[in-house]
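Structures incoming, each one as structure tokens.
Across the two complexes that follow, chain A remains constant while its partner is chain B and subsequently chain C.
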Partner chain A sequence: MSPLSAPVLGQYVPGDSILHRLDPRTKIVVIFVYMLIVFLANNGITYGLLIVTTSVGVFLSGVPILMILRGLKPVFILIAFTACLHLFFTKGGEVLFSMGPITIEEKGVMQAGWISLRFMLLVVTGMLLTLTTSSIDLTDGMERLLTPLRRVGVPAHELALMMSISLRFIPTLWEETNKIMKAQQARGADFESGSIFKRLKSFIPVLIPLFVSAFRRAEELALAMEARGYRGGQGRTRLRKLTFTGNDSIAFILLFLLVIGLIGLRSQ
Partner chain B sequence: MTKQGSTMKLTTVSILAGFAFLMQYLNFPLPMFPPFLKVDFSELPALVAGLMFGPLAGVLVEFLKNLLHYLFSGSDTGIPIGQLANFVAGSIFVVTTVLITRKLQGIKGLVTGLTVATILMAVIMSIANYWVILPAYAFLIHWEVVGPAKTSLVLYGIGPFNLVKGVLTALLFIPLYQRLKGRIHLPKIS
Partner chain C sequence: MKRDRLITMMEIAIMAGIGGVLSYYVALRLWPQGGSASLAMVPIVILAFRRGWVAGVVCGLLVGLINLMISPYITHPIQVVLDYPLPYALLGLAGWFRPVDEKGAISIKRMGLGVTIAGLARLIPHFISGVVWFGSYAPEGWPVVLYSLCYNASYLVIDVLVTIILMSYLLKKAPQLVASR
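Our next item is the complex of A and B:
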């Protein structure tokens, strides 16, 4: 489990691009719908349309291309695996290449290409959301989007607040984990060797102080919140308010046009 | 419970969810299992939350953990199938353990609970994988795993994996619980 490298929490790149300035609600909805309509594409024109729109999105975000490519790295193995699967086992159409029992046929190449493309489109679009939206905006946007569901019992405010608290405490807990592990190692604990049971056992003296400290922090935070008058979301005022602008309407109109275009151009 | 109790509950569940996220981040593959099945101990904070505040709190920890994981670590496919599977498995595990532990008091209840939960999780996840999760992946990559290959993946991969994961979690949680008992069962503030 060690050496431990710090967890990467989001990849937000601060900036002032059009995408950064869009309302987080707009971004969440548009990107969610976009990820669904990627599945509508099934021919050259529709995939071409999606490549163009995604590229425009990347361009507008002002995020360096290299960062996007780096984000694609973990998916690469999966893409390569799927592509090979289709390349060798999907049959049909003209035989393009054959060597002994192995043949690569036209349909396999097409499938491999489309599926890889679909993966990349999905991952890049998903990244655009977290690259251009800070975690505060993201939780804020989700809270506002969920608010209508209050009536059916979804505690939108509490969920968003809990998410912010979790996010805030992940680095703190991380630091503490490292500190406690080092402290136990100084006392002779060994996390690296021995059977899996021995290693499991060596983690108990790390977990116990971690839990105790988590309880303590939760208590202190609850006390601090109440001392400042926290009493649930009802009637709470906000420092930052979300407002829709013209750009948000444009984003929705463009998305609508894209959906129509995809439905019209896809092969039946 | 008074208001004070409820703010405490909110902060505790949040921080435990952050803790669970960290534990999930420290995952490791098991030898002999396919690499997409990874073991982590992120069910431990959820179990603690469940025993402190009831099964719903445990489910909440699982939910927040996976939401955070999806948003901030990303999904391999852009669509949170893995996170959904983890949420379902974790919730079954935590809810079963909490309900049984509450019914049969003491350490005996906990051991029974963890055992039943492990078996239940393995069975339900095998069924869910066979009928829902693997087909969902298949749809995504346009490749159907069918027939004997699918059955053996579920029988030798997913089922045993969930058993091993449950057993490892239980082995860690029992000593943990004995030390934290005093904190977990705080006298209710009324």
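Our next item is the complex of A and C:
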């Protein structure tokens, strides 16, 4: 294992498309519902409808298609694997191909096709959310969506605060990890050879300074927050306020129409 | 707001950040479906030992959500919850088995027990997720339960062993990490 070069940035692609400008709450809710209703589709027309809406989503996001395809790469193996399972093991309908004990039947081909399609739709939609929403916006959106749960004791504000701090510090911690690894390598540490035990043991001189400085940093942060008068979520104001716009209403209306369309057009 | 509580909150946040970073230092790649041994369990377990299981659970929850935001592979709406926030959150249960007593004596056995129990707890949602996933994608008659159990256990066993080995070195060399003041 070598010190990593790429910083952790997540998948977010900054931009100013309609999808980028939607309220994160809208995006989270719409995409969650969309993922549920993908399972309603069971024939050509309903899958067609979903393909059209997902493609429109990708188009509106302004994210280069190539980037989405690259993100899909690790999932292709999984899709191919499930497709093969169905191709060979789902039986029924006309026999299309047979060689010795292997037969491929009509129903298997259909299932393999539908399931790969459903899979791609789900993965692409999930990616659209993280491609067009920064992790800080996602956190804000989740905090607001969880706020009603405060009544039952879910500390939405505290969770969101910790989440934002985590995300804020990931690049810093990343750099620090690399720095410590390089410093230890300069002293002769070797992370890449030897038995598994030896390799794991070589991480200890990296982990200890990392954790010690993390706990020190946590204490400094708490001190800095107290010095600035932080006393919990009650009555705290925010720099950026989330607001619903006309586009958000349109997104919800379109989602509603899609649900009706899918229920009406699916075969019973 | 109590000072201890604020410090604990900040420790949770920073340790979750380390968890997010360590998720990328993949020690061994195992399966195409994304199972891999990583060091991400270590910070969650340390925090659970240091500040108790609630802090551990919250820290795990955050690590799961960070992973979800950074590299989401969503194949089923239920799978999202079962594969990202929940299993990591359950790792915090290691906090039930604090390996350091009041006198500062360290018990590697208790640590091993805590990590093993946490690993088993983490297996449950991954296992259910596998059953749900294969239930909706695999052909009928496929031994869904067995497959999910074997697949998920295969990489979790390695994760747990890696964590136990690293933790026993850490406890020996830097016991102050798990001793909260």
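To be clear about the criterion, the second predicted complex is superposed on the first by the 261 of 268 C-alpha atoms of A that agree within 3 Å, B and C clash if a C-alpha of one lies under 4 Å from a C-alpha of the other, contacts with A are read in each partner's own complex, and residues count from 1 in each chain.
Convention: contacts are C-beta pairs under 8 Å (C-beta built on N, C-alpha and C of every residue); 3 or more make two chains touch, one makes a residue touch a chain.
No experiment lies behind these values; they were computed from the predicted model shown.
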Margin query: Let's test your reading of the overlay: on chain A, do chain B and chain C clash or fit side by side?
Written below: clash
Next item on the list: Tell me which partner A:165 touches in the superposition: chain B (first), chain C (second), both or neither.
Entry: both
Note to self: So in the superposed three-chain picture, is A:32 touching just chain B, just chain C, both, or none of them (first/second/both/neither)?
What the structure shows: second
Margin query: Quick check for you: in the superposed arrangement, does A:59 touch first (chain B), second (chain C), both or neither?
Written below: neither
Next item on the list: May I ask you to decide whether A:203 touches chain B, chain C, both, or neither, giving the answer as first, second, both or neither?
Entry: both
Note to self: Show me the chain A residues, by the header's touch rule, that chain B contacts in one structure and chain C contacts in the other.
What the structure shows: 1, 4, 8, 10, 35, 74-75, 78, 82, 85-86, 111, 115, 119, 122-123, 125-127, 130, 135, 138, 158-159, 161-163, 165-167, 169-170, 173-174, 177, 197, 200, 203-204, 207-208, 210-212, 214-215, 217-219, 221-222, 225-226, 230-231
Notebook entry, point to check: In the complex of these two chains, what residues of chain A are touching chain B?
Noted result: 1, 4, 7-10, 35, 71, 74-75, 78, 82, 85-86, 111, 114-115, 119, 122-123, 125-127, 130, 135, 138, 158-159, 161-163, 165-170, 173-174, 177, 196-197, 200, 203-204, 207-208, 210-212, 214-215, 217-219, 221-222, 225-226, 230-231
Item checked: chain C - residues contacting chain A, complex -> 1, 3, 6-7, 9-18, 20-22, 24-25, 27, 32-34, 39, 42-43, 46, 58, 61-62, 65-66, 69-77, 136-142, 162, 165-166, 169-170, 173-174, 176-177
Next item on the list: Mind listing the chain B positions that touch chain A in their complex?
Entry: 3-4, 7-8, 10-19, 21-22, 25-26, 28, 41, 44-45, 48, 60, 64, 67-68, 71-79, 141-143, 168, 171-172, 175-176, 179-180, 183
Checklist line | Contact footprint of chain C on chain A as seen in their complex | finding: 1, 4, 8, 10-11, 32, 35-36, 39, 74-75, 77-78, 81-82, 85-86, 89-90, 108, 111, 115, 119, 122-123, 125-127, 129-130, 135, 138, 158-159, 161-163, 165-167, 169-170, 172-174, 177, 197, 200-201, 203-204, 207-208, 210-212, 214-215, 217-219, 221-222, 225-226, 230-232
